[in-house]
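For reference, chains read A, B, C and D in written order, and residue numbers begin at 1 within each chain.
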Amino acid sequence: MTADRPEPIHDLAHLGIHGILSPTPDETIGYFHDLLGMDVVAQDGDSTYLRSFNTYETWTIKITAADRAGLEYVSWRMDSPQALERRVRWLEENGFAGRWVDPDQGIGPAYEFLDPDGHPFRIYWETEVYVAPDDKKPVIPTNFQAYVGRGANVKHLDHVNLLARDVRRCRQFWEDGFGIRTYETILMPDGVKEAGAWMSSTLQGHELIYTAEKTTGSGRLHHFAYAVESREEVLRAADIMADARIYIEAGPSKHTAIQGFYLYTREPGGNRIEVANGGYFRFAPDAETYVWTADEWKLKPGWGAPIPPEFHVYGTPVVEELAEDAAQVPVLGPADL
Amino acid sequence: MTADRPEPIHDLAHLGIHGILSPTPDETIGYFHDLLGMDVVAQDGDSTYLRSFNTYETWTIKITAADRAGLEYVSWRMDSPQALERRVRWLEENGFAGRWVDPDQGIGPAYEFLDPDGHPFRIYWETEVYVAPDDKKPVIPTNFQAYVGRGANVKHLDHVNLLARDVRRCRQFWEDGFGIRTYETILMPDGVKEAGAWMSSTLQGHELIYTAEKTTGSGRLHHFAYAVESREEVLRAADIMADARIYIEAGPSKHTAIQGFYLYTREPGGNRIEVANGGYFRFAPDAETYVWTADEWKLKPGWGAPIPPEFHVYGTPVVEELAEDAAQVPVLGPADL
Amino acid sequence: MTADRPEPIHDLAHLGIHGILSPTPDETIGYFHDLLGMDVVAQDGDSTYLRSFNTYETWTIKITAADRAGLEYVSWRMDSPQALERRVRWLEENGFAGRWVDPDQGIGPAYEFLDPDGHPFRIYWETEVYVAPDDKKPVIPTNFQAYVGRGANVKHLDHVNLLARDVRRCRQFWEDGFGIRTYETILMPDGVKEAGAWMSSTLQGHELIYTAEKTTGSGRLHHFAYAVESREEVLRAADIMADARIYIEAGPSKHTAIQGFYLYTREPGGNRIEVANGGYFRFAPDAETYVWTADEWKLKPGWGAPIPPEFHVYGTPVVEELAEDAAQVPVLGPADL
Amino acid sequence: MTADRPEPIHDLAHLGIHGILSPTPDETIGYFHDLLGMDVVAQDGDSTYLRSFNTYETWTIKITAADRAGLEYVSWRMDSPQALERRVRWLEENGFAGRWVDPDQGIGPAYEFLDPDGHPFRIYWETEVYVAPDDKKPVIPTNFQAYVGRGANVKHLDHVNLLARDVRRCRQFWEDGFGIRTYETILMPDGVKEAGAWMSSTLQGHELIYTAEKTTGSGRLHHFAYAVESREEVLRAADIMADARIYIEAGPSKHTAIQGFYLYTREPGGNRIEVANGGYFRFAPDAETYVWTADEWKLKPGWGAPIPPEFHVYGTPVVEELAEDAAQVPVLGPADL
């Protein structure tokens, strides 16, 4: 906690709107509406926009028909217009120049660029605050809309997990360019490469996660996670998903990294979706990154169910071919993320 | 725990199907369907039958259009056909003769009679086990139907609370005639009359409650209570009810008697409905009734929110005129039930 | 639901006091006191008696120093003195004669006998209701003692799971002799032998479980389970156990059979102990046993973490040698109990 | 969301260490240790330092013997040394000059100053990260210490509520000088004075609250609130507090402002202490303050138990004399904070 560290950057406000692709858009929308409990708020061509009830912006996720599942883009809302301007400048001066894109259903304009693994990101300042129609007005005016009470009843986006061939490089990109805080990383057995990194722009333990890509793909999505009110609601979500015959890949259980309580399913289009609660908060502005060695990680401290091997390979779009150096990526053991 | 006490009677199996009347049947059905999360399973004339997802019988409650709210009947399923026969005999030999009524949507035949305050009760043996249609088949075959995940998501009937001019007489009727166990009573200041009695045929702390009627009415309903999985779900139900602009009369909080966690609302037709979780179990077959004196009760041990005075007067059908001796019925203080 | 079935027997009131053996009694007592939150209430020679705060009897479990872990005895409190007498008569007339044993710390006299696998059981009527000392008086007089708030804070015994070479025979012993209700069984691939049976004397989904013994041992204990208030408290117990470096064998997760939420640990003496919440209630007095075929069971419907193979072999006392026909006992798959 | 708003200030990291005074220090320490579950970590003269298990700093609260209850000081940890310097400069240039005080048990140096109502605040940068002794090492190294599992088991300081004769002036002091975000205020009937203001330096709905002082006192403490993991744990805390015969002033229930779930007790020395969970998060960096008119506030939207009138008057040190203009301060109605 020395006095000569650079001052923290606070230009990212929070993870924002995001888009996924689905080869079965109707079923995917059904999953988000009926099972996650989101509301459809707009439609535009092949895209449908839905919102979770505790999102202050007009919409949360955009689902677009496509020939295969995957990520359309992730975004960050910025802390101020000046912050947006500063970060665009940094991107352009550091070889990550992108392009301005028009507002998407009223949110933006946004600057779109690629992270080092090729995932499209957007950053924006302008947004509209949701105004509920009369039949969805909440009784407490500080809420954004009436309680939905349908399915898993997710509140808002919690975090996103992307796959990356070079986790370390992606992490450093966000640290250098955006001042993001990294709370945990896991080293590979070589002691240099990274198997995972958990990052946040707020005191929440994770907003952005990278884990190692083991296939020949790039720019792939591991999962989006939506928050529910309590661990009880994660358990409840498992009942809902099981009876709806949705594939449950892992959980409900608790992660060792960040210690969130999780349930992993695949929406009908193939994208992995988590229903999440908790994860620690890091109040210290100078919290040091906890670096797990590969050996230490294998000891699996704490509790938590075993995670199936596919959890470390599967992503969208689906890529079958393993990378040549995939063997070097440790097959993490039980309870390993 | 002497050896010469009579053997316990186990002729009641559990509270069963029940019916309420509503002057606004459509809105009442909407409340049970949308907000409590029950499914409509049958319709017959002015009556609609709904089931909660964890009920093994084909239906749970029957809502019938009427000019005013109130109770149609409460029932018990009996432990065996012989038990049914024995209890009918007891009723007929002890001045409570009733009549046999035809099966109601496949459940029954039932013997209908009145308790000492005039509430219609039915007892029956024959019932059908619910078989879920294909789109509601639960993934675990020991469940009765797929998880509903709509609104408060009630599981099954928990208990019923009736108002009675003479609580003591009603209590003794059930003890003498059916061997019901009484876990708690509250004495009025005269030390003789009773302000409330909590009874059960199982280890659950309450199935049948009588509390003192303060109006000139009789045969009135105080409330039906439906169980949810956890206290978290009672809190969640409060969010749902508040945003649906349903009148919340009391709670969420915890009762002193039996110690259940409660939320009291009025369904649009005016009947008071509780969403409930918990309450202690009494494992001892010879558990003694705990008798609260009026003075002890006023000390309000434990925690729990104040209950509004109307809670002790309002019932359905609504009766405005207070009984002459209503003043003798203690206006119970905060946290008093 | 025919009328000619024999009437249900209600002679068992609930699982009662029980004893375990420990080669490390001090550490075992420490586990029950510090981590489960029980209080020590008596000491007698090599035996220490502890109670959980929601037990109405004076004590719950007796821990006795021994050269190896295992079961001392399990017991049932009976529904009446007449019920005790009736069941003793049945035992004596059916080849299971045992002997009367003196009260154990005031509870009893008890009739001790062996089940078909050799586990010692006791049945008794006389018991003393716990009277809390002044510093443990609960504020609500219908509680038995003040809330403990230490460690996992278990309420009372929930169920016991015993290993048996012949599950079917043990199940039939209890059904024939005591009228116990069997809610679920699992068949072995031969379609005749049973891999498990879940039984209860009340509406609780399980009080007594038998699962298949795969070693050459007999009379072995699989686990005792203690109830906590909520699934949240099972999760909390896992944090407590993990940080206390207690071995967590499985969970927290949810069983398919009876659907209880579980955490399995080994107390320092080696006995498996579960912290449990939930499991369904069976209200129907004529609920049919659900019989799982081996094939159906392997489909693992619902959700729940994989259970390690040792869960199906380990018991106390520890026996290393597998039975010759152990291979015929299916190694149940993930989420299999 | 215009582009010409000044950029947000991020100089406050989080509420930090704090001190209270107690006329009965032993009993107060007993309350914090036994009932809240904190550990004693240091002793210095009349002061005892305790920590909650999820605090990353070496200690959380300092309890000092005094002739009456009250606040010793509240503090903020700053976001950087530069942030500390900037804020000291602002204070000195704006008429709030204070003084530098030596580190308190290793935390600091700190700059101490008074808010407009006379409450002592400290701001500091330097702090030590807690290193658990061997017997309290957590099994997961990203935790700060092993799970305590004693009493209410509080995690960390959640927020502080101070009383102020001029809420508006205090609020503006923090907004102008520190860029704190105000999420809600309540206007008095005159439409100008404020009855309460809820402020935060993070996305948490409240860290610092001011409510109207109705007595002739100043610099008084309304309450400190400590966070627990879930609403279930707030309910559990109520059981613990009730059985320990601690005075429960209000709750468990849910506030309308910020919507946190609360339990208010008085520690034996007289200071009001809250066990808290939840409250909304405000992700929007430009979230507008919600301003409740007095009339709107009286409609009590949502649910929540009535709060006793003393809640709006009592603070520490205790002052009996009401201010002359106390009548102008609305006696807020049920569920009113």
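The rule is simple: contacts are C-beta pairs under 8 Å (C-beta built on N, C-alpha and C of every residue); 3 or more make two chains touch, one makes a residue touch a chain.
Since the structure is predicted, the reported quantities are computational estimates derived from the model, not experimental observations.
Chain pairs B-C and A-C differ in how many C-beta pairs are in contact, and the one with more is B-C. Distance from the centre of chain D peaks at C, each centre being the average of the chain's Cα atoms.
Centres computed as Cα averages put chain A at a distance of 43 Å from chain C. Annotation: 32 Å between the Cα-based centres of chain B and chain C. Along chain C, residues 139-140, 230-232, 239, 242, 301-302 each make contact with two or more other chains.
Chain B meets chain D in the complex at residues 230-232, 235, 238-239, 241-242, 248, 251-254, 261, 301-303, 305-306. Residue ranges of chain A in contact with chain B, taken from their complex: 35, 138-140, 146-147, 149-152, 229-230, 232-233, 236, 239-240, 242-245. Touching chain C in their complex are the following residues of chain B: 1, 3, 5, 7-8, 10, 13-14, 54, 56, 77-83, 125-127, 129, 139-143, 156, 183-184, 202-204, 229-232, 256-259, 280, 283-285, 287, 290, 296, 301-302.
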